[in-house]
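Next come two complexes, and both contain subunit A; in the first it sits with subunit B, in the second with subunit C.
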Partner chain A sequence: MKKLSARRRHPLAAIVVLLFALAATGGLYAAFAPAGQAKAEQSNLSLDIEEGKKLFAVGCSSCHGTGGQGTSDGPSLVGVGAASVDFQVGTGRMPMQAPGAQAPKKPKVYTEEETRQLAAFVASLGAGPEIPKPEQYSIKGLTGEEIAAGGDLFRQNCAQCHNFTGEGGALTKGKYAPNLADVDPKHIYEVMETGSQAMPSFPEGIMPEKEKRQIIAYLDQVNTSETENPGGYGLGGFGPVSEGLFAWTIVLALLIGITVWVAARNAKARKS
Partner chain B sequence: MSSEHGSEKNVSDDDKSLPETQDTAAGGELEKHPFADPGLPHHEPRIQDIDERAAKRSERVVALFFTISMLATVAFIVSFVVFPIDKIFYLWPLGHISALNFSLGLSLGVALFAIGVGAVHWSRTLMDGTELVQERHPIDSTPDEKAAALATFAKGAEDSGLGRRKLIRNTMFGALALVPLSGVVLLRDLGPLPEDKLRHTMWRRGLKLINMNTNEPLRPEDITVGSLSFAKPEGLEEGSHDFHREIAKAALMLVRLEPGDIKDKQELDWSHEGIVAYSKICTHVGCPVSLYEQQTHHVLCPCHQSTFDLSDGARVIFGPAGHPLPQLAITVNDEGELVARGDFAEPVGPSFWERG
Partner chain C sequence: MSKTNASGRSKAPGGERIADWADGRLGIYKGAKKNLRKVFPDHWSFLLGEIALYSFIIIILTGVYLTMFFKPSMAEVHYHGSYVPMQGVIMSEAYASTLDISFDVRGGLLMRQIHHWAALIFLVAMFVHMMRVFFTGAFRKPRELNWLFGFLLLVLGMFTGFTGYSLPDDLLSGTGVRFMEGAILAVPLVGTYLAMFLYGGEFPGTDIIPRFFTFHVLLLPGIMLGLVVAHLILVFYHKHTQYPGAGRTNNNVVGFPLMPVYMAKAGGFFFLVFGLIAIISATFTINAVWVLGPYRPDLVSTNAQPDWYMGFSEGLIRVMPGWEWVIPTGHTLNFGVLVPLMIFPLVLASIAVYPFFEAWVTKDKREHHLLDRPRNAPTRTAFGAAWISWYFVMLVGGGNDLWAIHFDLSINAITWFVRIGFFVVPVLVFIVTRRICLGLQRRDREKVLHGRETGIIKRLPHGEFVEVHEPLSPEQLHYLTQHDQPKPAELPPAVDENGVERKVGRLEKLRVKISQGYFGPSGQIPKATAEEYKAIQSGHGHH
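Presenting the complex of A and B:
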């Protein structure tokens, strides 16, 4: 202590004190910073909601009502949650191009930021499923056995409409279950969580998060543009109907063509 | 036309409407065969028959196909040796396919098809092109053979004395009539009688509804409006000996409706907080019917498009099904888990003769 007090008039003492003071201020700032950042996030979220509300008023309110309460043209969005908005808007299904049996997948209209703002606004209308985090729908680390069990789950819960390998199929009155090839895992997770249009939902209590991941992993194995199909062309994977149609039209026409050639009269030297 | 002629001459209409008959009415040969065999057309030689250069060309084409076949066989053997079994490659429009399967199939197909094409082209262009007629012999037996056969039959009938010895005749008919009965009796062994198996399922009072996905008891709070879940009876383990026999009758699908949306009073009585449990087996021919559209509460059967309205007692609103889907009455037990209040009130699945 004595050494320190003896040097208090050293020319560099002021600089040392200044350094200490700066470090203390920085430390204090660091200690209080998270609270401030949270406040900033909070204001970001309310900003998102504000922006989302404006976008909603322009793009969605004609069918869903200005407060998202729904009209005769569109269902109420109170309580559908951010996940539902992220799915419907992120896959281009919403906004709908024209009234019809079903809103099809199409190039998306809103940017990712606008989608986030819309989701924030709709989530503020009522509690609902949140946008899943990447680890919720990641298929990393699943064993082959677990993926095969995902196939069982898919056949139990999804195959009745979407076909055994997710090729899709017809429903009533122009509605259909779409092909699931190359759908973003996040969107598959969201639609299982929230349902979509005619599709029922499969919430946590019915199908836990891990089972959803297994189903996503199964689809990744059997129905993507990269899926290996050692047996060759699958004819859409629709089973005996499309295979029978192929055999009875294309193959039979080829066989008849060959038969006609075998039995045709030979070319003569002169026309008789 | 024909009636005009008929009034002039007293000949049958059929004959005189034919021009040949009118022209040469007396020709006996034509009357017998009004549509005479025109015979073979005059034989015309092919190019290859008169032009040796063309024949050489055909010969080279045939040889080319046989050579293609040889090359394809070599390709088959080479691909068998070269390609590992798990080699995958992309080929439009087939997608990501196995190199081994594709090359083996293609080369063997070409090898066989080229032999066939070569052989047919050979016979069509180079082998004898003269048309030949191969006469068939008449199907009728000669009068002598017919007479001999009839005589033999009459002799046999006479020898047997069937008309005279009535005791033998009657007992023989009896024996022949009874013998097929053994076959009819054996049909009973095709399977056990159904008894009342079609009328009952595993469900009984207090049995928990087990989530098919998680194998855990379902609770009312798990089932949200717009969701779809499938349940099996407590105690039925997947992989157990009688799993398939029992689930084929006991399979359930559960959805939750807003209680105000339920139009059928019995359906409301048998539901719990708007959760309704219906048999998953179509009442038409027994397909699993679970294409649930959550906006309309319609369930569609994938086999024959029978459609049931789950908000109105699963009434059939379209398709060939003859009965609504049977509903299972449910409630909750002390632990707050969904349980059955009894078995289905009517047989599940397709109609049968004695169903009533």
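Presenting the complex of A and C:
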């Protein structure tokens, strides 16, 4: 100990201490960090970004610009985040088929892997919402009352455009709010998070994750292809207009058919 | 009539004794003898009014059932019934009890759906019945009053429907109640007062549902029931109109007696209508009130539309530009709402007063029991078609969002179409319909004079090809030529026999002008006369 203490003012002592400290932190890091995985992800991510950049250059850059900075034909994608890409490309809205009032949902053009790569590239342009994890949009574990509260949230925030149960509705100049039946919960979550076209965004600060889950759960109750309708066939769920149309066409035709039949049955008809 | 059994014969059958008992107190035999053999003409279009009558009865029957479970109260409760997506939601008792009727009352949902479908069909049937009466000229003397009774029934039906639609206090109908408040508020000077009076204070308050309930189940249907009875009594009193045909004149009714033919038919028809409505109600949802959510003044959804019969008012309000003046006193004149509110009664009144307008033009004081074929009254038919097109344009406006979605159109374009079409479409339809009627009259004339085109081509010995025309039967000839062709009114000579200038009022000048339009050379094609027919038949025959 004396030896060590005597050399503590040696010119190289600081360097030795520094070496020890570095070795200790490095060792600790090596011991605790999931080093291998992190490394692999790192390289995969950069690979994804590379691949995404190539895909982007081919499929997206004509409107969004080669660096995603936007042009007169398409908005800037800096900061929209991976979630937005996953929604737009995953539902087939992007790439757009033709310029128009609105990019409609259509069969998707890119595979899941390509979508991920595109998302990685766009996310690298600027920080934005990430693709949600399954537990973020899972509707498991919500009670009836929580789902009903989701209905209230839906009527407060969504029904103005999407109708009472998300059947969709018209907006100005040919734009519209689409029908939400059977939309993947992940996509509903993403579009609430990021907004899309005419749809405003409802980020975490405005609508917390749990409320989004409640809304998804409510839609799952009232508007899927499996939703039972206690009243029978629903006529599209558009309310009085479709009901009136049905009364004026099918029902009136049937009634007139009956009147003609009744009027034709008379005493004359029995004579023969 | 009553038979005495003093002779010691065995007693009369039970039914007869009951009838005797009733006759001694009510005098039913006399009435029955007169009315049971009353003859009614046969045509399917005469049954349209019956559809309305039967759906009215169905509405009353199902409505009584619904009142047993409905709570017309705006007290707030938490829902804990069996419908999961509304668990624990705060709502009015009215909405909660409607959910209970739909899910927890035996047969409740079916009753609700029958009630509501029957209401839509009631209005449809009244509308179609009214059009039948209009286009056949059945509203002419002596039936003008009954036309008005029917019209009142339509308007009352609209408002009974509207109040009923509002009772569940759901987000859809609540928007309509709010709409109505806005319309009342737009009335200058008294609007605010009227709204406060009707709603018992600021919107929504707690009174409007109980009040609408009283209107819906007591006041309006009570008046309607009275009007229905009066309407039917007048049908009996005037006797039914009939279509022209051989043997049918203005002074007879050709058809079958009420008893037994029409009793059986009408009875069977009631069950057919009831059955059809029940099938529709059991298979097609109407007003899925459970997914709409309770009404809250801070919420609104798209697709917030009234039932179809109020749809034209919705259209008016949707397409009217939101013009607004602030007058110097600081008050607002909201034309965006006020103008539609004023057009609303005008639309209805324009068809209601038509019979009186036509009577004024024609100065026709005769009774009419034979119906017109629509083509033989081209101007009237054109007016009716124009009115329907006008109404339809407004309905398009009321459903502009659904047109936009389903036909991939821009809602703005539809709104502009309706704004322009509101003025243009009726005029076009008037012109086109009138021309079609005149064309049909020309064809009738052709048919009378030259017979029916058989499509058989004959080659004559010298090589000429001719089409064989088959002469019509006397019945057909009668049918095509039986109608009156009134002469247009003319202004009296400008000076009378003493050389004094005759004064003719402006109104009379207008009347003559309109009459010229109705019955002048541009308003009707002279029908074939017997002389023309004889001349052609005795001549070269078919050409």
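By definition in this document, the second predicted complex is superposed on the first by the 231 of 272 C-alpha atoms of A that agree within 3 Å, B and C clash if a C-alpha of one lies under 4 Å from a C-alpha of the other, contacts with A are read in each partner's own complex, and residues count from 1 in each chain.
We adopt the following convention: contacts are C-beta pairs under 8 Å (C-beta built on N, C-alpha and C of every residue); 3 or more make two chains touch, one makes a residue touch a chain.
Treat the numbers as computed from the prediction; the structure is a model and nothing was measured.
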In the superposition on subunit A, see if there is space for subunit B and subunit C together, and answer fit or clash.
clash
For A:Ser76 in the superposed arrangement: first (subunit B), second (subunit C), both or neither?
neither
Check the residue A:Gly195 against both partner chains and state whether it touches subunit B (first), subunit C (second), both, or neither.
first
Once the structures are superposed on A, label A:Val262 by its partner contacts, choosing first (subunit B), second (subunit C), both or neither.
both
Under the stated touch criterion, which partner chain does A:Glu211 make contact with: subunit B (first), subunit C (second), both, or neither?
first
Scan A:Cys161 for contacts with subunit B and subunit C and give back first, second, both or neither.
both
Of the two partners subunit B and subunit C, indicate the one touching more residues belonging to subunit A.
C
Quick check on the superposed pair: does A:Tyr233 touch subunit B, subunit C, both, or neither? Answer first, second, both or neither.
both
Determine, under the contact definition given at the top, whether A:Leu153 touches first (subunit B), second (subunit C), both, or neither.
first
Under the stated touch criterion, which partner chain does A:Pro203 make contact with: subunit B (first), subunit C (second), both, or neither?
first
Could you look at A:Thr172 and tell me whether it touches subunit B, subunit C, both or neither (first, second, both, neither)?
both
Stretch of subunit C, among 92-100, 326-334, 380-388 or 488-496, that runs into subunit B once the two complexes are superposed:
326-334
Residues on subunit A lying within both footprints (that of subunit B and that of subunit C)
156, 160-161, 169, 171-172, 229-234, 262, 266-267
Provide the residue numbers of subunit A that touch subunit B in the complex, in ascending order.
75, 153, 156-157, 160-161, 169, 171-172, 175, 195, 197-203, 205-208, 211, 226-234, 261-262, 266-270, 272
Give every residue of subunit C touching subunit A within the complex, in rising order.
42-48, 50-51, 79, 84-89, 102-103, 109, 113, 117, 120-121, 124-125, 128, 171-172, 256, 261, 265, 268-269, 272-273, 276, 280, 282-288, 290-293, 296, 298-309, 311, 398-402, 404-405, 408-412
Subunit B to subunit A touching residues, read off their complex
41-42, 44-47, 49-51, 88, 93-98, 101-102, 105, 120, 124-125, 129, 211-214, 218-219, 221-224, 226-230, 255, 288, 290-296, 298, 300, 302, 305, 307, 318
Name, in rising order, each residue of subunit A that touches subunit C in their complex.
101, 143-145, 147-149, 151-152, 155-156, 159-165, 167-174, 176-177, 218, 221-222, 229-235, 237-248, 251-252, 254-256, 258-260, 262-267
